[in-house]
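The data blocks that follow each hold one structure.
Two complexes are shown next, each including chain A; its partner changes from chain B in the first to chain C in the second.
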Partner chain A sequence: MSEAMTHIERGMAALSNEPVDRLLVSPLSMGVQRRLIGSGVTYREWAHDPKLFAQSFVEGYKTYGPDMAVGLMDLSVMAGDLGAHVRMDLENTPFVDEHIIHNPEDYEKLEVPDIRSGRSAVLLEGTKGFAQALKDDIICAGFVEGPLLALSQSAGAERLFMDMYTNPSAVHGALEVMTDYDAQMCEGFGKTGVAGLVWDYLWGNYSCLGDAEYHEFEVKYANKLNKLTLDNGMAVCVHNCADMPHLKTQVKDYKTSIYSMAWYPLNPDSPSATKVIEEGYADKCVMAGNIDPQLFIRGSVEKITKVASDLTKEVKTALCKRGLNSTFCISSGCEVPPDLTTKLENIRAVVDTVKKEGNLAC
Partner chain B sequence: MANGFYEAMKRSGFSYETTASVKKYKCPYCGFEFSLVYARTFACQGCSEAIKGCPKVRCDKCDTEFFIEEMGHVHGKEQQRQISDHICNIVSAYHTDMGRTPNR
Partner chain C sequence: MSKEELYNRLSEAVVGGKPDITKNGAEEALSLKFNAVETINEGLVKGMSIVGERYAAHEVYLPQVLMSAQAMYSGLNILLPAIPKSEMLDQKKCAVAVVEGDVHDIGKNIVKTMMTASGYHVFDLGKDVPITVIVDTAESENLDVVAMSTLMTPTMDAMKDAIDGLIESGYRSKVVVTIGGPPTSPSFAEEIGADHRDENAQNCVTWLKGAL
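And now, the complex of A and B:
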């Protein structure tokens, strides 16, 4: 399908709210793209081999032609390298099944690991691989856990929340270490060639933490990391699949360039694409979302095509009403499940629908 | 309980029970917003039932006690049992790790 603008032209125009030929589109398809490599690559292999990791994004670009590539591996990379036991099934997303914090003193024992080894190194090297291959074609971004998320993976969310109430100084000490770890990762990503760095600030969620709590336990650390991101030549991007995200903080206060989010229609407080645009969050930030990732497994091609089409119409209407040109990227609300049963044709259906119907003419 | 948000948190490495334990709920009597973890940390401190499978939650502000099932994001007795067993194990382990008798 030939288009009037290249992916890079379109992406740069959207970041400046300039007119575009069509809306950006980029489902968050990462691990699932290992199935495009063609040699029966398992998830476990993909998450440990930087060459396979990089190749999956190259194949994804060649197959679907999205406007962006985001190098998310999974959310247990940092916790695993800190010493937490990570369960690595053959074909499922890894997760922490043995935490490393069992009392307040354990927070003091945390040390930044060597990012040249472990899965941190795989992530950095793999990101460099796809960035070098694709950076002239599409917007490439790295992906890393924010400090509070990484600490909650290492300690267990319940224990961390209890310690936030009863041992806040111990938690803050650990968050300083996590921030140092994230800072090293940030500097590492800066050398890969990516244009942006996506921070997963998952706990910025009003259904779990209020403003005061979130500001105390993440914002001051995130501010440091966001500044470092810019200093290392990358745009600040955020992903948060919260049901009630701290949008004012994470979009406006962080001065985020691209904000990836989800929508949960059963929760009346979960903001839809229309609400997000009407409330001004897309004025200076490219908002991305919000197709239900489960549709890529459970939905038919017809169903997901209709959802993508309806979302495209909704976004075009809202952008026009707000007087905006291009600041929304049709995407999935969270990672397209890397399961073997995920329908790859659904990824193509979303991309093709937006390419066909995403032209903006107010 | 298994709506899209819970699925997303599961994919992020947090079980249904963990998500339900840290999600905030508004007390229907006084409007105070708190999570089950918060309630068990403060309002239930010292209660021996807190580690014996108690199916209730107590508001730390107005001290009203009600069943976990009445929290908006927990549905039915079976989920209530899952959550209460989960949080009781968490609280028990937390206190044991600190060298304290769990029901103190």
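And now, the complex of A and C:
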């Protein structure tokens, strides 16, 4: 499909709200792209081998032609390298099944692991692999868990939330360690060649934390890491697939360049694409979302094409009404499920629909 | 101390997340020969209901809900054993479970709390629960409700497997099945044969009142 702008030209234009030939499109397809490698590799192999990790993104670009590549592995990388036990099924997203924080004293035992080993190293090396291969073609970004998320993966969210009340100093001590760990990862990503770093600040979510708790337990750490991201030559990007994200803090206060979010239509407080544009969040930030990831498994090509088409129309209308040129990326609200049953043709359907219908002529 | 004063103290302790006060208050209620069920309902449950309403209104958040739940359970642990079995015959029974292959249980625990606060006898089957355990518990405990959750996409099919297991066992028609978790949806619930799917625990409890 021949287009008037290159992916990089389009991406850079959108980041400055300049006119584009069409809207950006980039479903968050990561682990599922392992299926594009030869006769396919297992999830376990993909999550342990930087070459396979990198190759999957290269194959994803060649196959579907999205505007971006975002290097999410899974959310147990940091906790695993800190010592938590990670359940690593052959074809399932790995997850922590044995935490390392069992009492308040355990918070003090956390130490930043050597990021030159473990899956932290796989993530950094794999990210470097796809960034070096693709950075001249599309916008490449690394992906890392924010300090509060990484700590919740290590302690368990329930324990952590209660300890915020009963042992706040212990939690803050651990968050300092997590922030140091994240800082090292950030500097590592800065050497990979990616243009942006996506921080997963999941707990900035009104279903879980109010402003007071979120500000106390993440914002001050995030501010430090966001600055470090810029200092290392990367744009600050944020992913938050929760239902009611702290948009003001995470988009405006963090001065985020690209913000990836989900939409839960059954929750009236979950903001739609139109609402986030109307409320000014796309004025200075490329907002991205919000196709239901489940559609990539359970939807037909016809169904997901219609959803992508409807979202494209909705976004174009809202952007034009707001006087904006390009600051929205049609994407999935969260990772395209890495399941064996995910319909790969649905990724292509979304990308092709936006390429065909994403022209923005207000 | 009057009943009203003690019940208010228990309720306020739940709202404030004070497990020591609810434990002591529950012990005091029993020593004063107050009815255990009434103490639960007028003290602990009343407090948890306030918290549930405030959570739904975004006035309090998960840390406060979890602290309140801890306070409620601290009192329940004292009061529940004191209830004569004859008074529990009409109590509805529910099992909550994170399905096999998943260990993310914070949502399940919130559901458990709200169900308990609504008067259910809740069997917490835990996380990564095999289908056979769900089916066997439904039959052996004569459950009225099975509530299942998962956070992850690959484990959603375990919900269908559990419902299929209930059908095979012949127990499906006797139990209401409700599901939850971010990747689930009402259409998924319909697809797998569940009766309901909800966004939050409080709404689910309200729905169940009409369904049972």
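Definition applied: the second predicted complex is superposed on the first by the 362 of 362 C-alpha atoms of A that agree within 3 Å, B and C clash if a C-alpha of one lies under 4 Å from a C-alpha of the other, contacts with A are read in each partner's own complex, and residues count from 1 in each chain.
Everything below uses one rule, namely that a contact is a pair of C-beta atoms (placed from the backbone, for glycine too) under 8 Å apart; a residue touches a chain by one contact, two chains touch by 3 or more.
All values reported here derive from a predicted model rather than from experimental measurement.
Q: Scan A:202 for contacts with chain B and chain C and give back first, second, both or neither.
A: A:202 sits against chain B, while chain C stays out of touch.
Q: Contact-wise, after the overlay, does A:213 reach chain B, chain C, both or neither (first, second, both, neither)?
A: After superposing on A, A:213 lies in contact with chain C but is clear of chain B.
Q: A:264 in the overlay: touching chain B, chain C, both, or neither? Say first, second, both or neither.
A: A:264 sits against chain B and chain C alike.
Q: In the overlay, answer first, second, both or neither for which of chain B and chain C A:67 touches.
A: It touches nothing on chain B or chain C.
Q: Is A:81 touching anything from chain B or chain C once the two structures are fitted on A? First, second, both or neither.
A: neither
Q: Once the structures are superposed on A, label A:91 by its partner contacts, choosing first (chain B), second (chain C), both or neither.
A: Once the two structures are laid over each other on A, A:91 reaches chain C alone.
Q: Kindly classify A:103 by the partners it touches after superposition: chain B alone (first), chain C alone (second), both, or neither?
A: A:103 sits against chain B, while chain C stays out of touch.
Q: Identify the partner contact of A:182: answer first if only chain B is touched, second if only chain C is, both if each is, neither if none is.
A: A:182: touches no partner chain.
Q: Residues on chain A in contact with chain B in one complex and with chain C in the other?
A: 93, 95-96, 157-158, 161-162, 165-166, 206-208, 210, 241, 243, 264, 266-267, 292-294, 337
Q: In the complex, go through chain C and note every residue touching chain A.
A: Interface residues on chain C, with respect to chain A: 17, 58, 60-64, 66-67, 70, 101-106, 109, 128, 152-155, 182-183, 185-188, 191, 199.
Q: Quick check: in the complex, which residue numbers of chain A touch chain B?
A: 74-76, 93, 95-96, 102-104, 152-153, 156-159, 161-162, 165-166, 202, 206-208, 210, 241-243, 262, 264, 266-267, 270, 292-294, 333-335, 337
Q: Using the touch rule from the top, collect the residues of chain A that touch chain C in their complex.
A: 87, 89, 91-93, 95-97, 157-158, 161-162, 164-166, 206-210, 213, 241, 243, 264, 266-267, 269, 292-294, 297-298, 337-339
Q: Which of the residues in chain B come into contact with chain A in the complex?
A: 3-5, 7-9, 11-14, 18, 21-24, 33, 35, 37-38, 41-42, 87, 90, 94, 97-98
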